[in-house]
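There are two complexes below, and they share chain A, which is joined by chain B in the first and by chain C in the second.
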Partner chain A sequence: MCKPDMAPVYPQASSYPHLADLIRSERAQVDRRIFWDEEVYKAEQQQIFARAWLFVAHESQIPDPGDFIRTTMGEDDVIVVRQRDRSVQAFLNACPHRGNRVCMVDAGKKARGFICNYHGWSFGIDGALRGTDGKVYDTDAHFEKAQINLTPVAQIESYRGWIFATFDPDAPPLTEFFGPFTFYLDAFLDNDEGGTEFIGGATRNLVDCNWKFPAENFVGDILHAFWTHQAGAAAILGGGVDLGPHYAERAFQASVFGHGIETNLDKVGNTRTLGYPELVQYVFDRYPAMVERLGETRARMVGAIGSCTIFPNLSFLPGQNTVRVWHPRGPHQIELVSWTVVNRAMPEHIKELYRKGVMMTFSPGGVFEMDDGENWEYATRTNRGFVTRHQPLHYALGLGTEAPEKGLPGHVCRGSLNDANQRQFYRRWSEFMRHDNWGDLQAAETAPPQHQEAAE
Partner chain B sequence: MMERICDLAAVPDGEILRVELSGYRPLAATLLDGRVYVFPDTCPHAAESLSKGWVEDGRVVCGVHFAEFGLADDEVVNRPVGCPDLVKFPVELKDGAVYADLSKAEAA
Partner chain C sequence: MSALPAITEPFALEDRPAGADVQAEVERFYYREARLLDAERYQDWLDHCVDRDIHYWMPDMDTRRRDDPRGTYAHGEAAYFDDSYAELSTRVKRFAQPSAWADNPATRHLHLISNVEAYETGRSGLVAAFCAWMNVRNRNETDQDVLHGRREDVLRRSDSGLKLVRRRVFTVQNVLLTKNLNTFL
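Let's turn to the complex of A and B:
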């Protein structure tokens, strides 16, 4: 007699050298077809979003057993649930019977389980099938309930309260996926006792752009602020964007495995743009404690002009305290979900000022968010033109600025006005297209330079 | 006809004990606010065992579709379409044991 095998299926990666070659690192160029072609998008789902560790939730969003939040990993709808033993698990939001979604809401508290609306199949918060409609299957002697679950992600891990998951059973542990980039992450996730929390819910909006434009913007493009954000900055600061020439020598970009941060080391430049002098003062007041905790360089990063992307699609802005995921929705659209992040230890009124400041700047109606959105939309849409999308794009600012510095892990370049991190981001993208295994992926060019590992 | 169900001490407070008596379909018992309740273990909706569920806010909750059956009253919350009320059998306590009138209980 035939018997269904309901074990999870995690799709295998392949190798697409012809897509990998769309990144022309030797010429500092990127082929525009990566922002437009369906074939590329399809390969990204398989090579990147079905393999990489992806951000799914912050621990503070689901504090108690049964608390859940819905998100997507690539285009896969996922439910992230706090278990009774307080661990966190994540499942595909799709019934293994006919594939209907089992959870219709964005988030909830203390769920008892998830019931499919189609035939009444009912799953516990642990994903196990607890029962069906209760009439027909229970009289079917060959029906094996124990074999049936909501499909779990292959791995799920938390780093300082930030929860990531992957559909690849072979993916290395999360901290290996970050590599020594955790050095920079810790400046934001761990600059005060108790770590971070998300406050005030999420904002959510659609932008008609390819997901890589915002990801590369946050990985290392502070250059655009001079032009794009002049008017918005003037409205809040009373003047244009000024990166401060006296910081030019301190500013740098750093990248590991395609993750990247650019920072001006100016202590408060980003925080200042939220428009509340009290917040600027708060960051200054905490500076000595942060130096104690993180050392001078990282303490200067906390509120500074800077931006960061964790490959592939999680980004945040130090000092402005907005966190966001650029969820791909086809090659020409993203769903942008963003949150305000604060330190748990901050006084309530300081948290509230950050929340308001984020809403005024980086929300669907924020002055900076709107500045960016239109640029990314047209950077995508122009590629509708067949001839247009065959023209290469220029990523050559700051060639030859590599400046390895003791104590700064990864590929480090002088100056934050630089395409260095964006080149690394696309190099990583190319590696994901080319390699079908993690051994090659973690030994590829974007890996931290060898001599550093020996030094640490 | 009163049948001996179990020792009073065996009935858990706030949780549900499953009891098998020959001649009857499985039964369930629970203690709530000092009072013992005896009822069919099988959810009136379908085939699930109520003892796999739990008691919350004075109601027995079925673990499959989360129907909630009032113990002190006949209120049903989250009632699946067509789901009858939960029958509670008349209970007597005698000599440290629980007895219930099972004349309306389903025979095995």
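Let's turn to the complex of A and C:
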């Protein structure tokens, strides 16, 4: 007699050298087909989104047992739910019977479980099958309930309240996936006692662009701000974006494993663009305490003009306090989900100003974000042209600006007006296409420079 | 002058429909407002249609179970607009810039207004109004975004006619099916 095997299946990675070669690092060029071709997109789902650690939730979104939110990892629908023991688990949002979605809502509080609307299979918040509608299964002597579960992610971990998951049982621990990039992350996730929280839920919208354009924009493209965001800056600041007199000695880009941050170390440049002087004053007032906690360099990053992407598709803006995920929806579309992040210890009226400031600047109607979408849409759409997408793209700003003398972790380059982090982002993308195992992935070129590892 | 309702309060006394003259006045207000917005006359819209005490709110709409006590939206949570007059003015300043690239070349706008109902509020000088809207934005060759929703408004009488002083905008969309909101709804 046959017997179903309901054990989870985590797809294996492969190797796509011909796709990896679409990144021409030696020429600082990127082949445009990575933004258009269905073949590339399919390989990304397997090589990147089924393997990398992906952001799924902030602890503050699901404080109590049974609290859950629904999100996606790549295109896979996932429920993230707080367990009775206060740990967090995540499951594919698909019934193992006929595959129907078991959770239809964005979020909820204190759920006891999830019931499939199709045949009434019901699952506990631990993902285990609890029961079925009617008596048919109960009287079927060969039906074994015990092995049937919502498929769990392979691993789930929290870093300072930010929860990530992966579908790869072989993925290294989350902190190894970050590597020494945690030095920079901590400037935002841990600049005050109690860490961060998300407030006010998410806004979500569709943008018809390839997911890598916004990801590379946040990993290290402050250059675009001067041109793209002239109008937004004029509306809020009454003038253009200004990197100030100390740009040359202070600004830098840093990258580890494709994660990247560009920063101007100006203390408040990003916060200023939210348009509320009270917020700028708040950041200044907290500066001495942040120096104490983080040292001067990182304290200067907290509100400064800067941006960050965690490979592959989580981004945030220091000081403006918007956090977003660029969820892929086919090669030519993303679902953009964005939240407002604040420190738990902030006074309520300061949190409220951040909520309003993010809405005014970086939401679908925001005076900055409004002008981003069309650029990314047309950067994607021009590749419809067969000849067009065979032309290389130029990623060569700031060659030869490596700055090991700064003594900061990762691949560090002088100046934030630089394509350095974008080159590293695509180098990491290429490594994910080429390597079928984490040993090679973590020893590849985007890994922190050797001398730094020796020093640790 | 009577106190203004909070953005979360009911606006209309639904058992007290306004008279035919007020109903006609409200309709005229909506059609003129729509025409100004379609023509991107945002400063005129502020000057002629918007009261200085405006609270203009468009919450994000969640998908939630019917028994979820939070409901599908909540004030103080994520929103597309939650603006005072000063904040609306900031947005209008962006539109006025020649480098507002998402509006240059110009977007072609259409605001369709229907299902207009005017009600008394129980407060002197204030009229409550409901309407449904459709917003079409077309750009460049084939880019088109269509949004639908409802408004719940309070209009205040002034020397120069009715002005918008409270607005709740509810879209029927959960994930907003557009790259941006370069308009007012």
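Everything that follows uses one rule, which is that the second predicted complex is superposed on the first by the 451 of 456 C-alpha atoms of A that agree within 3 Å, B and C clash if a C-alpha of one lies under 4 Å from a C-alpha of the other, contacts with A are read in each partner's own complex, and residues count from 1 in each chain.
Heads up, the rule we're going with is that a residue touches a chain if its C-beta (ideal position, glycine included) is under 8 Å from a C-beta of that chain, and two chains touch if they have at least 3 such contacts.
What you are looking at is a predicted structure, and each value in this text was computed from that prediction instead of being measured.
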Which superposed partner A:Thr196 touches (first chain B, second chain C, both, neither): neither
First (chain B), second (chain C), both or neither touched by A:Gly373: second
Larger contact residue set on chain A - chain B or chain C: C
Touching partner for A:Ile236 - first (chain B), second (chain C), both, neither: second
Partner chain in contact with A:Pro364 - chain B first, chain C second, else both or neither: second
Which of chain B and chain C A:Gly275 touches, first, second, both or neither: second
Touched partner set for A:Asp133, first chain B, second chain C, both or neither: first
Touched partner set for A:Ile115, first chain B, second chain C, both or neither: first
Interfacial residue positions of chain A with respect to chain B in the complex: 112-113, 115, 120, 122, 124, 130-135, 138-139
Touching residues on chain B, where the partner in the complex is chain A: 43, 45-48, 52, 61, 63-66, 80
Chain C residues within the chain A interface of the complex: 58, 60, 62-65, 68-70, 76-83, 87, 90-91, 93-94, 97-102, 139, 143, 174-182
Partner chain C, residues of chain A touching it in the complex: 104-109, 199-208, 227-228, 230-232, 234-236, 275, 335, 339-340, 352, 355-356, 359-360, 363-365, 367, 369-371, 373-375, 377
